[in-house]
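To keep things simple, chains are lettered A, B, C and D as they appear, and every chain counts its residues starting from 1.
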Amino acid sequence: MNILGIIFSYSDRENLRELTKRRTLASLPMAGKFRIIDFVVSNFVNDGIYDVSVIARNNYHSLMDHLGSGKEWDLIRKRGGLRVLTPYARSDNEKVGLYRGTIEALASNMHSIRRSMGEYVILSGSSILYSMDFNDLVEKHIQSNADITAVYTRDLNGFPTVPMGVSILRFNDHNRLYDMTINMEDMSQHGITWSTEVFVIRKSLLESLVADAIAYGRYDFLEDILKRSVNNLNIQGYEYKGHLLEFSSVAGYMQANMNFLNREFRGKAFKRPIYTKSKDSVPARYYEGCQVKNSIISDGCRIEGTIENSIISRDVRIGKGAVVKNSIIMQNTEIMKDVLLDHVILDKDVIVRENRRLSGHVTYPVVVEKASIV
Amino acid sequence: MNILGIIFSYSDRENLRELTKRRTLASLPMAGKFRIIDFVVSNFVNDGIYDVSVIARNNYHSLMDHLGSGKEWDLIRKRGGLRVLTPYARSDNEKVGLYRGTIEALASNMHSIRRSMGEYVILSGSSILYSMDFNDLVEKHIQSNADITAVYTRDLNGFPTVPMGVSILRFNDHNRLYDMTINMEDMSQHGITWSTEVFVIRKSLLESLVADAIAYGRYDFLEDILKRSVNNLNIQGYEYKGHLLEFSSVAGYMQANMNFLNREFRGKAFKRPIYTKSKDSVPARYYEGCQVKNSIISDGCRIEGTIENSIISRDVRIGKGAVVKNSIIMQNTEIMKDVLLDHVILDKDVIVRENRRLSGHVTYPVVVEKASIV
Amino acid sequence: MTYHQKKEVIAMLLAGGQGSRLGVLTDHVAKPAIPFGGKYRIIDFPLSNCVNSGIDTIGVLTQYQPLELNTYIGSGQPWDLDRLYGGSFILPPYVKGKAGEWYKGTANAIYQNIKFIDLYDPDYVLILSGDHIYKMNYNLMLKYHKEKKADCTIAVIQVPWEEAGRFGVMNADADLRIREFEEKPKEPKSNLASMGVYIFSWQKLKEYLLKDKEDKDSQSDFGKNIIPTMLNQGEKLYAYEFKGYWKDVGTIESLWEANMDTLNQDVPLELDDPPWRIYSRSSNLPPQFIGEHAQLINSSIADGCFINGTVENSILFPGVQIEKGAVISNSILMPGVVVDENAVVEYAIIANKGKVGQGVHIGYWKLPEIGGKHRNITVIGQEVLVAAGAVVPAGAIVGENVIEEV
Amino acid sequence: MTYHQKKEVIAMLLAGGQGSRLGVLTDHVAKPAIPFGGKYRIIDFPLSNCVNSGIDTIGVLTQYQPLELNTYIGSGQPWDLDRLYGGSFILPPYVKGKAGEWYKGTANAIYQNIKFIDLYDPDYVLILSGDHIYKMNYNLMLKYHKEKKADCTIAVIQVPWEEAGRFGVMNADADLRIREFEEKPKEPKSNLASMGVYIFSWQKLKEYLLKDKEDKDSQSDFGKNIIPTMLNQGEKLYAYEFKGYWKDVGTIESLWEANMDTLNQDVPLELDDPPWRIYSRSSNLPPQFIGEHAQLINSSIADGCFINGTVENSILFPGVQIEKGAVISNSILMPGVVVDENAVVEYAIIANKGKVGQGVHIGYWKLPEIGGKHRNITVIGQEVLVAAGAVVPAGAIVGENVIEEV
């Protein structure tokens, strides 16, 4: 079966403050050495889908740097492979910027999508992470004679409330979508089914729906295609029962990372390989006097201090006497002697000088911008 | 010696009509199966320079498609390799379009240029093709203690007149640049030295010159850096004595291609390999009744008709009784029975139906736009 | 923790044979590396068939003159076989414990690589050889193998009865279950010939390989030992009939014929077939140039050629040079061959970088071709020089430089 | 027409040795494929040295158990050796004409690959072996070779006089021209030991390889035959003194020591050295997780590990699992080793996927370590299981599953 994966590397509903100031959502670090996009792309590759397009909008240089030729995801292919689709000016006096919505993003890249051999398309966002059997999903899509299959999850799925901004999907007894609303409140009741932002559709149908919508000046896939078509199209639901991670806020992003400290969760998340850019770092080095507990440590780290309940990315140095708790420390950061960090997110290339103390709260972690010196 | 190659994939002085409507200059087909960029990039690779950045401005999708991961140019490298640098929006409400000039293009991509290990930079355009010994060039640059070395050619170098829009460079007795003007007339006198649009400069100097120029709102490398600096900087000349091809006009582009029909010229141009995207086409097939003379034929062609003095790209079909003379036929074109073409450029994916006749003149070849049906 | 990726099926390609019936053509390269069809090599066919059939893990068993073959396959990238898990693997003989062991028979070669196969824990193993030209979807055969719940499925093709005796012949019942396998029978009872393409259920094959190793008298050959033994033991072997073009190119004549077949539109061997592309490593040469004096008739010509003479019913590989007045007909000129002015080459195969001097006549034959039979094929070996004026009679096999008439 | 790219220098890496002194560690893999330093393999050092020295064409001569090594090197991409011209090439022994020939000695292995070397038409050939840990710029050595107009340059390192007898020793004059070469002399006249790194001017080497082939008594070894013969003939051989860390890891003890050296900041073998990176193939495993009960002291731990016990002065390769209460000290745990609760591992090397059961004691030694001497190193072979409660005394070499005290 020929399937094309299309991943939106950004999300309109995220507010990740400084974290997405210079990068797109999908290139945000996750679980130490990975980035969000790694999980999404690996899900496709692990399911044998080797034709993957990533739609970028702005701030995509870090994403392109990370993905490179696609080699590390096994996506250098003669047929298919990895493409990053970026907005571009066609003529000399055109300017480009934001797509006006997901549909415009698809329409702008239709020349590339059309060329794919894929018969079905799986669309995925980047602000909700899952670990899904795509082959089963597409099989069910075909069996159910659906025009579109929308993947949903039920109830809270481990979250305190249904995340803000996600789509609440309502299905009838035949599992057919009849209504869709955007979640704008802290809902925590039972029986809610909400979108994981994953959809299956036949490529030819997607092409014509996108062309139609553009002709009518409609730009949003959820509002303008999904919601408008509940009567005309057979939109079926597919329930995802596994774990989900969601990050539209900094606190959510922190929480999503902390999930990886759980052995059972890690076991499931890494049941199949998650591919990422390889770095030629040395193994982590632990020196006399270090104390590390319940933490994820990536290669290239040199650790002399204390770490607890934290996620440490590659090539981080943590000095003697420093204490790092409940924090996310990104790549190539230097934490000098006797620093204390609690509930902090240090972005890449940050230096924290001796004796500095930073502490946030679980509901509002302190974020230190890339390349800052504290 | 660490050298970074920077190639501008576009030219402000070109008027190639429909040919560059949907592609950037550097991705224009050349000599059958190649594109202009292949010659420029191969010159770097053949001289052992494996760190090459291509600056794109607009209309660059065909260029990116062609270059792909850089594999075919031997440019998948851990250090260096091939990068295509495209304009992009940094923030949510920024729009991007044309660079205001070569300096802005360099400035916008300085983050990537800075990261290269190259100590020297060779800058090259795409509208003048050469076959140059870059190692000798950089050696001479160093020996001469130049701040910048500007490569020039002398007199007409095979052209009827000095091409319009190129820079006339004037050097003093010490081979130092003292003046620069843009050629605006059909000059054909002796003693003229004009730029091949290739320059050598130490990377750190380039960085500071670009930063300065941007600070002063100056955007053009030739006018605002080269010309303004003739007194402050030691800008040395380096004479290029080999063949040149130039294509700022359609007639020039046609002429440039026709050079490849000369055995001696071909011998020099292909003395070292020119890399290009590989296509898995079958060998060319010649059928009973075909007549082919003095022409370049690429693989994948199926020829039943007559071809003279023409350049035929990949996967072209030429029907029985068709006659193609003095023409350039691009990829995947179908020329049906009894067609007559003389002094015509057929862009990609064109179909010419039976019995059609098109003929242009050497000074004004007919151009048929991509995917047209005649 | 480690990741392990199971493959349902992997292919093992037997590429170690010398192909001695191809004479000077295999002096320097293994048979699967011999150029074919203007830009391919024989091995491109099984490799491309695998990739097009969705089989992405291929062990290539080499033994004889593997340098060129190894370099040609390289990372497997031209066949899209440069993969994180799987891809193409060169498997030469090796030393284990104190002593090394060469591959003795086809089955022994697989036996020695049991460890490699087990890495992928496959359910099925596809056994291929590197000396056939055909386009085949192995996936359909695998489906058949599963439907039949077979232990082994052997691809077969109908051959003319009079030729059946040159092949391994299957005697099968109506359901295509194989009852008897005869290697080159004098009086064939069937005209279903083995194509040398087998699918085995791996656990079953492994069992028989281990048993075969114990049998000192065995030649460890699939056709002579493994398959007859399996039949004796009552295992389920099925024939899978392939209907398409298939040719064993183990002789000079058949290699020449298969090449000529690519020029014949009536033969169902279309190479320009996008959904079933034959991949190959490209040459990096510029496009061909056809000069003022060229005359081209029903020929296939590759990149980098310079043609200024007459070429008829011939196949010219990359970088061949034909000077003015030279006439090439019914011939195969492999990469880099140079033919000087006024030379004549007829019914010949000239191996890589052969040089044919001015006025040379290769494939000289005084009698007219009659009754559809053509004169014998002349072969000029790799880098052999035939000096100006020499005449090489039809059927000669030339391995060394020639300075006058042979 | 064809393109040809000459290389000034290419490297030939002798990776065929079994390394029998490493016991069970080389039961399944060739010595150069043995894991080293937490994420590397021994062969990463010469390969990375080549690439960092600007040498991009490397023939890897394999013979013994090459499967894992070949798979590890693959397309050469991790070392940036996946090139259009050049790159890494696996060169196994092969059949030529009627019979195959195994690599008999180091020089014979090169002799059998003359054709490969000639493809690149090099001026110089660098001969390396796959059993040393060092970081060296071969380009400086090549410069020296050219300055000296030498026929052969041999890299040497000063060793303690008392150890000189274990090496090939050079007796050189003041200009470092070698006058005599003694293989493992009883009474060494010099303490300049050969590092097994040679640069030859290729034409000269080829001449001696061809001569050596004629000599029926020769063992076709560089140290025993080629170099003494060249000295006899008055060729210009120079010693090139290397001053840096270099260690032959041909024995269990030296392999253990070299690993421990990576944990010792006083030893000049920094692996975290961006301008001279040691490249290796990455594991695709998630980052390591350090649990509630972990205690880490001066150790190096790789991706994919799960650590919930105590680890001291030890090196843990990717995917090692240490459960609660387990204590690992002065040990090397290769990829995928699992140590169950309350087990103790001291002064040991545990090969890939070894399993250490609950409460096991590996490297048991009743006496205290005295005078800087440590107890003998214990080795547990690949995939060996040591069942719960077993005690393995120091110095044991365990190749098979253990169910009780050895």
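As a working rule, a contact is a pair of C-beta atoms (placed from the backbone, for glycine too) under 8 Å apart; a residue touches a chain by one contact, two chains touch by 3 or more.
Quick caveat: nothing in here was measured; it's all calculated off a predicted structure.
Novice: Quick check for the class: compute each chain's Cα centroid; which one is farthest from the centroid of chain A?
Specialist: Between chain A and the rest, the longest centre separation is with C.
Novice: More C-beta pairs touching across which pair, A-C or B-C?
Specialist: Per the contact counts, B-C leads.
Novice: Quick one: report the Å distance separating chain A from chain D, using the average Cα coordinate of each chain.
Specialist: 42
Novice: How many angstrom lie between the centres of chain A and chain C, each centre taken as the mean Cα position?
Specialist: Each chain reduced to its C-alpha mean, chain A and chain C end up 48 Å apart.
Novice: Among the residues of chain B, pick out those that touch two or more other chains and give their numbers.
Specialist: In chain B, residues 71, 76, 78, 270, 273, 275, 280 touch at least two other chains, as defined above.
Novice: Return the residues of chain D touching two or more other chains; collapse runs of consecutive numbers into ranges.
Specialist: 1, 3, 77, 82, 84, 279, 284-285, 306
Novice: Considering only the defined contacts, which chain D positions touch chain C in the complex?
Specialist: 1-3, 16, 18, 62-67, 70-71, 74-77, 82, 84, 87, 89-96, 100, 102, 115-116, 284-285, 304, 306, 319, 321, 335-336, 353
Novice: Which residues, counting only chain A, touch chain D once they are in their complex?
Specialist: 31-34, 71, 261, 263, 266, 269-270, 273-275, 278-288, 290, 292-300, 302-303, 307, 312
Novice: Chain A touches which residues of chain C in the complex?
Specialist: Spelled out, the residues of chain C in touch with chain A are 1, 3, 77, 80, 82-85, 279.
Novice: Which part of chain B faces chain A closely enough to touch in the complex?
Specialist: 21-22, 57-61, 68-71, 76, 78, 86-98, 111-112, 280
Novice: State the interface residues of chain B toward chain D in the complex, per the touch definition above.
Specialist: Its residues touching chain D are 72, 74, 76-79, 270, 272-273, 275.
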